[in-house]
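Each in structure tokens, the structures are laid out below.
Each of the next two complexes has chain A plus one other chain: chain B in the first, chain C in the second.
What follows is the complex of A and B.
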């Protein structure tokens, strides 16, 4: 077990990986100098975050309290100048959103979705039992480790179910600065009426994530927020896009249609089980949505035993390998490469 | 709130009647705040308007029209099936990035409406000040400016938070975007049995009131108008001190909290203000009003009453009041301490905090008072939704309680149509009964069972003829 200390000199930034928190925080690939291992370094720019700084508190405090193999661990966090630094293990495949935008524009293969879904539900089951609602389940908050394990992150939007020592049946608080997560949120959470919501709201978001992973982008993406709201309140249930859900046009002429859905999407077919899971998760009535635990008992997850491991399923995506940076030559090379392509933000795009 | 029903009976001279009726019939009421149906004109021989009080602006113009018609001769009761309805138009209105919703409340300065932030989808409330109205109120504009500057610097869980503000120079309106609250403590009391709250609930709210007040006094702000009507509640049951219209910010260099002006609600004023003292300690004013508030929410009564403001102030000035016998120590002692005539002897916030009534947990109560419905909507759904639905899916699309979309094709229903479809007419009559019932019950008391309203009672008198 490596001991991570509060010493900025122990951490050597190698290259930027991505942005998060609406650009107010950045994740870097960094090296832990004493051990030589590669880690992820997240820098929160507190000057930019300003009044939302309590979200950083919430995220760090809660993440440090949680211990589960499918939840991103924070080794250590500290204040460095105007920034808060958080050291976490390197998630070599990046987030599911990265995978979608770089390699799988039309969505991930079904077997990969099922594996990620199981890991997500394991994490969520744990979080719910601990008495928290995540409220920001989305592909960009699901990270994939080099071994192909999905880890949940993004706990800054979460809220406790236990208030004043009592387990609340319903929660009414509307998450502040939740703008980027709105498309994934459940209708009952968005409605903000006296009915309130509970942890089943996260299950709705799981349904949205299944759609997102399968379709390449989340339902209602690009739609105005108010229209998204009315669609959800009216009971519009998003679907996985495949040959069973997209009505075929006359003569199978895909190019002539008014929407440019690639033939790959129109011709593929997800299993009925996956369709069913997405549908029950997206049920309008939270009461009819299963809990994370109930979902984990679904027969769909039995297929995982027989399936290929996630890294194989994710090819051609390659992990940001530890090996690359282990010797200093590579590290230097990486640095110079970085200088050449300062516009390049996603280093995982390079084929090492 | 009353429903005025005007019925114009057939006029002997057909042509004259026709023209007159046209004039009236073409007037379409836009009655704000009602989600249901509203009648626009009646059949050939009768006209009915319903007004729920919010549409007074529209009524102003009507009076003139009615003057030309001799009202006295035309009053006439009408069968309910002669009422014609129009589905309410929900036209989307945007102010900045906010979508306008329905009316939540009304004050002397203007209205409070619900709004939806179209970017974050967070519910908000907006306080709309009409500058014309403000100018008519003494110190109106100054008070509002003071309120805004106070709200801007205040930030506490139990103090209403100002989110945004802007001015529309064309309409001469000022908009203050505030946190959304579902109701006030006053609303809760009005709907509660005996107009009082169970001890446990009162304890929670009073604790929050103290938290908010402690913050305000720490920020050198004297609220001066603490009362149940100014204590709002959010969905999460968090109390928010609101309405800083008469609040005073103590100067940074002032040596103590001495104030010279008292402007709050009479029943909550302390004896020193009732007696017309030149100056008085400001923070103790709030303590007194808190005491009256606690007295009010625990007993359903006021410690001081009077037929008019002079009697009231006379009673307050004397400082003698009675506490009902069922109020025992420690609450009795707390109330006596907070309602001491001499402001210097009156409890301080610290004393109240350490008082046994606050430090001890109250006995569990059998019931909790729930927030009363808004216009018959128990759930307090977003009132912006119908506007959005109408905007996105076209007119005639309605949204019912179950979240289903129902299409109501004709916007107007004439009598001929009604005769053609007698069944639907009956349904509409019931619907009308239901919806106006809703207005009434929400404005009077919750939970009242249906009782016949004027337009239904006339069914029993179908033969009623003008004399």
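What follows is the complex of A and C.
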């Protein structure tokens, strides 16, 4: 076990990896100098974060109180200038969203989805049992470790189930700053009515993630938020796109016209089990959705034993390693981005 | 979970078993692992009695009352908190959940656990010192904030010498612990308006002497949070006399005027909300008025250019316009 200390000189930034929190935080590939190991360094630019700075507290404090192999661990967090730095293990394949946008535009292979889904459910089962609802389950919050283990992150939107000293049957609070997550949220959460929602809301989002991983983008992507909500409330159940769900008539030409679906999608076929599991997760009525624990008992996960390991399934995607090119341009760009907010300096001198 | 769920143990037996296990853990003889396991197991049993599980409802009030009584009589709450660092990761969180549930117990309008803790304030002091230890700080924090909800307990904490340790805890280098300590600190200073106002008035010099250090902290987050809280405290009408005292001191005005010019936009903005109180005061003491007059033109000029991008924030813009008008109209006191 490596001991991570609060000493900025212990951490050498190698290259930027990604931005998150609507550009107010950035993740870097960095080296922990004393041990030589590669880690991920997340910097929250606190001066760019105004009213919702408490989200950073929520994310870090909660993540520090969760221990599970499928939850991204935060080793340590500290303040450095106007930034909060968080040290975590390097998730060498990036997020599932990165994988989709860089290598798998049409979606991941079924076996990869099943492995990621199992890990996600393991994490959620733990989170729910510990009394929290995640409320932001989406591919960009699922990270893949160098050995192909999926880890859940993004806990800043989560809420406790235990309120007023009691385990609540329903929750009514609406997550703040949740705009980027709306497409994944359950109809009952979005409706914000008296019925409220519970941890099954996360299960709906799991269904959305299955679709996202299979189709390459989440259902309702690019649609107006009002229409998305109307569709969900009306009971529209998103599907995995394959030859069984895309209607096909003789002579139809899918490569042209308005219907811009690649032949690869039209001709592929996901197993009935995967279709079924997505469908039950996306059930309109939260009562009929299984719990994470019940889902884990599904026979679909028995196939994992015989499956290739995830890294092989993710080829041609390769894990980041310390051999990654040192990209100074990107680094400079991010640096200037971070400093921008503090450029405004008032030059006047008060007369005391 | 047949391993734990099917147990027929009553409250007295579970409490006794837990106490024995904690004692064994404390002694640290060679059966530590076994003791730790027993502690965790019995904690889960108690937690399930109080909260229920996915398969079972919480226990009836009678059982919970028995359980609470056993916990008081055995002094187990204190023992658990004192040994929190020896309990495993999940067990620590279970202690907090058990504690928080028992604390909320009510019989009519009475809160028996609160009454119990009033007779054992050591529980509170042990929890407060939990911020000294990384591995239990966050667990102690959740329990402390539950305690702070009760005026009687908040009073014990505010009026103790240990309260001033918070000025150190909120500034520790580990962000999550500092941030957690700050929310407890804030809860203690704001939850019970009259209690807080009385406390601040009675201890004005000491508290603001310490508070000054937070405002000058090297730690950006501490500085920002404490400045924001200062604004909230001064603007709360219960704290009127504290506010009057604060805005009569020219040193405080100078500090805020300097913070208005800090590099950080958020700090500028929070400083604005304290600064405005000095200007809005209809009875400005002479030293305050003198500073404002000496900088009259510069201030107007400065405020005109201040955070002009916040066009959508109506309240802020109204306040800013009001301040500019007030400063423009400032005149020296007659006879000077």
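The rule we apply is simple: the second predicted complex is superposed on the first by the 316 of 352 C-alpha atoms of A that agree within 3 Å, B and C clash if a C-alpha of one lies under 4 Å from a C-alpha of the other, contacts with A are read in each partner's own complex, and residues count from 1 in each chain.
The rule we apply is simple: a contact is a pair of C-beta atoms (placed from the backbone, for glycine too) under 8 Å apart; a residue touches a chain by one contact, two chains touch by 3 or more.
Worth saying up front: this structure is predicted, and the values here are computed from it rather than measured.
When the two structures are aligned on the shared chain, A:130 is found in touch with chain C, with no touch to chain B.
In the superposed model, A:225 lies in contact with chain B only, and not with chain C. In the superposition on chain A, A:46 makes contact with chain C only, not with chain B. Once the two complexes are laid over each other on the shared chain, residue contacts for A:182 go to chain B alone; chain C is not touched.
Judged by the touch definition given at the top, the superposed model places A:67 against chain C, while chain B stays out of reach.
More residues of chain A are touched by C (comparison of chain B with chain C).
Contacts of A:22 after superposition: neither chain B nor chain C is touched.
Look at A:6: by the touch rule set out above, it reaches chain C but stays clear of chain B. Of the two partner chains placed by superposition, A:272 touches none, neither chain B nor chain C.
Shared-chain residue A:312: touches no atom of chain B or chain C.
Touching chain A in their complex are the following residues of chain C: 51-52, 54, 58, 89-90, 93, 97, 100-101, 103-104, 138, 146, 173-176, 178-180, 183, 219-222, 224, 254, 257-258, 260-261, 263-266, 269, 291, 294-295, 298, 301-302, 305. Listed in rising order, the residues of chain A touching chain B in the complex are 171-174, 176-179, 182, 190-196, 224-227, 229-230, 233-235, 284.
Residue ranges of chain A in contact with chain C, taken from their complex: 6, 46-47, 50, 53, 57, 60-61, 64-65, 67, 74, 76-79, 81-84, 86, 130-131, 162, 164-167, 291, 341-342, 344-346, 348, 350-352. Of all residues in chain B, those touching chain A in their complex are 99, 116, 118-123, 180, 182, 234-236, 371, 378-382, 385, 388-389, 392-393, 399, 403-405.
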